[in-house]
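Heads up, there are several structures right after this.
One chain, subunit A, links the two complexes that follow: it is found with subunit B in the first and with subunit C in the second.
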Partner chain A sequence: MNFSLPGKTRNILMAAAAVGLLSLVGTFIMDVQYGWANLLLNAFWFTAISLAASFFVAVHYVGEGGWHVGFKRVPEAMGQYLPIGSAILLLVVLGGYFHIHHLWHWLDPEVQANDVIYNTSGKKVWLQNEFWLIRTLVYLGGWIFFANKLRALSLKEDLEGGMSSHKTAYKWSAGFLVFFAVTSSTSSWDWLMSLDFHWFSTLYGWYIFAGFFVSALTTMLLLVLWLKKNGYMPHLNQSHIHDLAKMMFAFSIFWTYLWFSQYMLIWYSNIPEEINYFLERFSTGYQPWMVLMLAINFAFPLIVLMHRDAKRNYTLAFVAGIVVLLGHFIDMYQIIMPGAMAKYVPVSILSVLAMIGFMAIFLLATFRALGKAALVPKHHPFLNESKQHHI
Partner chain B sequence: MLIESPIRQPLILGDKTYAQITDEIVRPIEGRANKMWYLVFTIAALCALWGLGLIAYTFGTGIGVWGLNKTVGWAWDITNFVWWVGIGHAGTLISAILLLFRQKWRMAINRSAEAMTIFAVICAAMFPGIHVGRVWVVYWFFPVPNQFGSLWVNFNSPLLWDLFAISTYFSVSLGFWYVGLIPDFATVRDRQVIPFMKKIYNIVSFGWSGTTKSWQRFEEVSLVLAGLSTPLVLSVHTIVSFDFATSVIPGWHTTIFPPYFVAGAIFSGFAMVATLLLIMRQVLNLQEYITVNHLESMNKIIVVTGSIVGVAYITELVIAWYSGVQYEHYAFLNRATGPYAWAYWIMMSCNVISPQLFWFRGIRRSLVATFLLSIVVNIGMWFERFVIIVTSLHRDYLPSSWTMFYPTWVDIGIFIGTLGIFFTLFLLFSRTFPVIAIAETKSILKISGDGWKRKTESKYAEVGDHGSHH
Partner chain C sequence: MSKATLLAKFTDPDECLHACEHLVKKGIKVREVYSPFPVHGIDGVLSVPKTRISTAAFFYGATGTTLALLMMWYMNVQDWPMDIGGKPSFSLLTNLPAFVPVGFEITVLIAAHGMIATFFFATRLFPGMPAKNPEPRSTNDLFVVEIVGDDNPGTSLNDLKSDLMNHGAIECSDDVLRYEDQ
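Let's look at the complex of A and B:
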């Protein structure tokens, strides 16, 4: 069965994308810095979701997982957004590099000339403009390369069958995981941690990873549920949905674990250089957003998704997924805004609409890729295991 | 799952029947132990006695018999504690997390890994107990009412959280392990010919009758315990890491500690399981149950967790350099080039570099290489804790108090003693308990047994068409 996007849905998504882009323009009119910050937020978040979807595919190759094959084309298609997301992200990075904006304050030549911490630490080398730009290109280029490689091998398997594509994909996946293990951390230092460039935390990269991985799993769950509702995934049963919802639940807890570990250790030690980061977030207007974000990202899944039946209820899982995504949007907001804006800017309607617009663009790209290949891989060696998946 | 893909390797070799599985797993504990067992047991028991003797000596003389000094207030004891607790993690990971991920290869190894967990936690728990010196007031650890002692515990201290974490972990692990043993004890009971032994196994199996209701309750309890164990795997070593990371000591205060300690714990735990299983499968003739495929899966976990630990090491180095905090800077410089650099490079080469050999399929599937590398990893992980603890303490903020730590013969002897206790307990376990979960292994025979896989290979292509209907 092949997928084709219903015209009505396409129109809704196009409209949402248009409204989103207008809202983004609105954020630029509000404050140019705020506009760039919103662009960075959406560029990073959806690129990361797309990346994490490819990571999901690679992990299942390496771990010899079979249950996901029935919907494997969904994360594969999500990975096809990577070039678009990367282009937007690169635009923001180049904007900083050419001094069109200074979201990353350390890019300001005056800061580089006078800032003591910048000049007396490794930041002078690590946060050197060209080195930073080259790293960005390496991350984005590498990710696109691996995601496309896995996608191409999967399509080749459809045509040729046999085991050779699978075995090759297994090897490329292992390579991807190694590359990902390093770059997922370092890229988050470069694009996000350096927004508060005096601050540092060794856990930061893993915390960012946990956040975008939950977002990707949740997006995947929502897409699968939507496809199923529209009659595209008859071979998927409650067990698949249960497992996807279980992953959304488990990684929500994992995200909380990392968020808390980072917060608790800094709060407990109370060292001025480190605690500043949380003072900016908990002793300012951001405080209620922080509390809301923790409630949505931890308490909500814990209470709502703990029960087995909740994870097997399609409507509940769908609604829960949307709530979790909103929670992680607020998380992204508090990751970026306090550092980039250097003041309190509440979550605005324009900001939310811009995010929805980017979501629509992301979905349009995903659906386009989804329609280009069979909705279910034809010769995957674990395909029949996935069809009989039963827990 | 009804039928699995033919490309998956079988997990039970030798065309087994259910009767054969029972027979081959239970037989080793019914017969007499061979000379080799007695020899190893004697050595282990002597080491254990030696260690216990030195603990008594420590109690009698005082903590001064250890190598600690004013600057390095804890070193060898806490290193051993963390090392042993870490080793314990593999058992819980296998029984809880691999269960959640439905990894069938866990069936062959979960019983002995869980036993190992319990023995390792016993060894670990001894160290906080003996390092207080005045062991007769060790109950002051607990928040007992003030009438019992003069001090109320400090709830702000991660050391107290650790006490709670470890005791919860120990209780749940013991409960989980024991529940799994109940039907297997009943199987052993049913084969006993000596009335006395039959009675003993009947008592320990709680008179298991094997009715449907019993199985249903059994599965329910197992699921609840698996649910409890999963957060425990993360929490225990997380809290162990808090013992260090909540402080303001350079090299200790770093936010990556919690997940990185957990990864390191799983890493060392799997290495220890590999060491033990490689010996056990040979001695008890279990090669068809604990196959090369099992060891390969474990080696994959070792290379993944070892690499996570490697990424964490490098992250710490880079961020110390990036941060601009001169104390952090120096702590890491001192680790890599100071007087304990030899320990640092042992740690780096054993934990990060040597496990990378497991990228090669040939090495992953070689029994000799697995055995050697598993020991290398255990050495490396011991040194990791030694490096973290001693290098951060011996050169503190005040250069006039800089000093070195050297273990005394008592320090070393007590460590050897805990190895003795661990192996004594494990050897006793291997003589009295079914070392492989019989009931669970049987549950995968018709999916992953090699005979069944051959029979169903041709059916796999068809089953997908039917599978989609249920």
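Let's look at the complex of A and C:
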């Protein structure tokens, strides 16, 4: 059975995208810097969600996982947003490179000439304008290449059958994982950590990864539940939903573990150059947002999703998924805004609407890719295993 | 001593599960299934009541958290006030991040040990207890379904034998050889 997007849903998404883009323009009118910061937030977050979906597919190839095959086309389709997201992200990066904005204020030649930390800490070696731009191109290009490779092999398998596409995909996935392991970390330094370039944290890459991986798993769960509600994917049973919700729960806790590990070490040692990052967030107007974000991303899943029945209840899982996504939006907000704006800017309605607009664009791209191929891979060797999935 | 008991032995967990499904559908009451490892879904088939160990685990965990915080409060705030990381607030709440790792570990410790103790107690598993499995190989490679005649009045266990053999049993025996009788 092939997927086709109902016209009504398409119109709603188109409208949301339009409102979102208008809101983005609104943030530019509020403050040009704020507009760029919002663009960076959405560009990074949805690109990362799309990337993490491809990572999910690759992990299951390498781990020889079979349970996900029934909905494998969903993360695959999510990965097809990658070129669009990358183009927007590249726009922000080029904006910085050509000094149209200075979200990353170390790009400013004046800062580079006079900043003591920049010149004495060894950061100068890594944070060079040209090197930084080349790295960006390598990350984005590499990710798009691997995501498309896995997608193409999966579509080839539909036509040809046999094991050869699967085995090739296995090898490319292994390569992708190695590339991802390095670039997911370094890209988070380049695009997010260097917003506060006086500061550094060795755990940062993992923390960012955990955040966008939860977001991707949650998006996947929401999409699968939505498809199921609309009569697609009857072969998916409660066990699939339970497992997806379990991953959403588990990686929420994993995210908390990394957030807290980073926080506690810095809080404990209390070194001025490190603690500054958290003072910016906990001793300013951002404090209530930080508390809210921690409550949503940790306490909420812990209390609501701990129970087995909660993860098997489709309505509850859907609502919980939306709340978790909002929590991670606030997380992205507090990652980017204090450094990029250098002052307190509360989460605004325009910012939320812009995010919803980007999500609509993301969903339109995903649904478009989803409609292009059979909703269930025809000849995947683990297809039957997925249909029999039972926990 | 007329405890007529039928032991149907399987080598495959899925066949054992499906045979149990078949028996339950026929209205036969299965007394117990012995298996070398947990068979997924068998508790649903045999209508085993839902375990309450998760509720117990929650309370053990809460006990652990409380004990840990109490201990650290006494040690580092009350008895010997500790200046933690250059923050001499001497308060449990403001210095909470420092107490989280230990609090977490003791929560896990008490919850895990409490669960194991509860499980052993509920299943009467203590050191030196005689084994209850009627077929020693059920700890190795056999899945054994036990059907007791008293549970199923009006059913001939002999008739069940061929039925079970058709559902993948490799052997059906009715001689119960419990460890305590050996």
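The rule we apply is simple: the second predicted complex is superposed on the first by the 391 of 391 C-alpha atoms of A that agree within 3 Å, B and C clash if a C-alpha of one lies under 4 Å from a C-alpha of the other, contacts with A are read in each partner's own complex, and residues count from 1 in each chain.
Quick note on the criterion: a contact is a pair of C-beta atoms (placed from the backbone, for glycine too) under 8 Å apart; a residue touches a chain by one contact, two chains touch by 3 or more.
This is a predicted model, so every value here is computed, not measured.
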>> In the superposed model built on subunit A, check whether subunit B and subunit C fit or clash.
In response: clash
> After superposition on the shared chain, which partner residues are touched by A:His390: those of subunit B (first), subunit C (second), both, or neither?
Replying inline: both
>> Contact-wise, after the overlay, does A:Tyr268 reach subunit B, subunit C, both or neither (first, second, both, neither)?
In response: both
>> One more residue to check, A:Leu279. First (subunit B), second (subunit C), both or neither?
In response: neither
>> For A:Gly66, using the defined touch cut-off, is the partner it touches subunit B, subunit C, both, or neither? Pick first, second, both or neither.
In response: first
> Per the overlay, which chain contacts more subunit A residues, subunit B or subunit C?
Replying inline: B
> Taking the superposition as given, does A:Gly122 touch the first partner, subunit B, the second, subunit C, both, or neither?
Replying inline: first
> Between subunit B (first) and subunit C (second), which does A:Thr202 come into contact with in this model arrangement: first, second, both, or neither?
Replying inline: first
> With the two structures laid over each other on chain A, which partner does A:Pro234 touch: subunit B (first), subunit C (second), both, or neither?
Replying inline: first
> Given the superposition on chain A, at which of 21-29, 57-65, 129-137 or 165-173 does subunit C overlap subunit B?
Replying inline: 129-137
> If you lay the two complexes on top of each other, which residues of subunit A touch subunit B in one and subunit C in the other?
Replying inline: 264, 268-269, 390-391
> What residues of subunit C sit close enough to touch subunit A in their complex?
Replying inline: 40-41, 84-87, 97-98, 100-101
> What residues of subunit B sit close enough to touch subunit A in their complex?
Replying inline: 1-5, 7-8, 100, 102, 231, 234, 238, 242, 245-248, 253-259, 307-308, 311-312, 315-316, 318-319, 321-325, 359, 460-461, 463-464, 467-468, 470
>> For the complex, give me every residue of subunit A touching subunit C.
In response: 260, 263-264, 267-270, 390-391
> Mind pulling up the subunit A residues that touch subunit B in the complex?
Replying inline: 64, 66, 117, 120-123, 126, 163, 174, 178, 181-182, 185, 189, 200-206, 234-235, 237, 250, 253, 257-258, 261-262, 264-266, 268-269, 271, 273, 381-385, 387-391
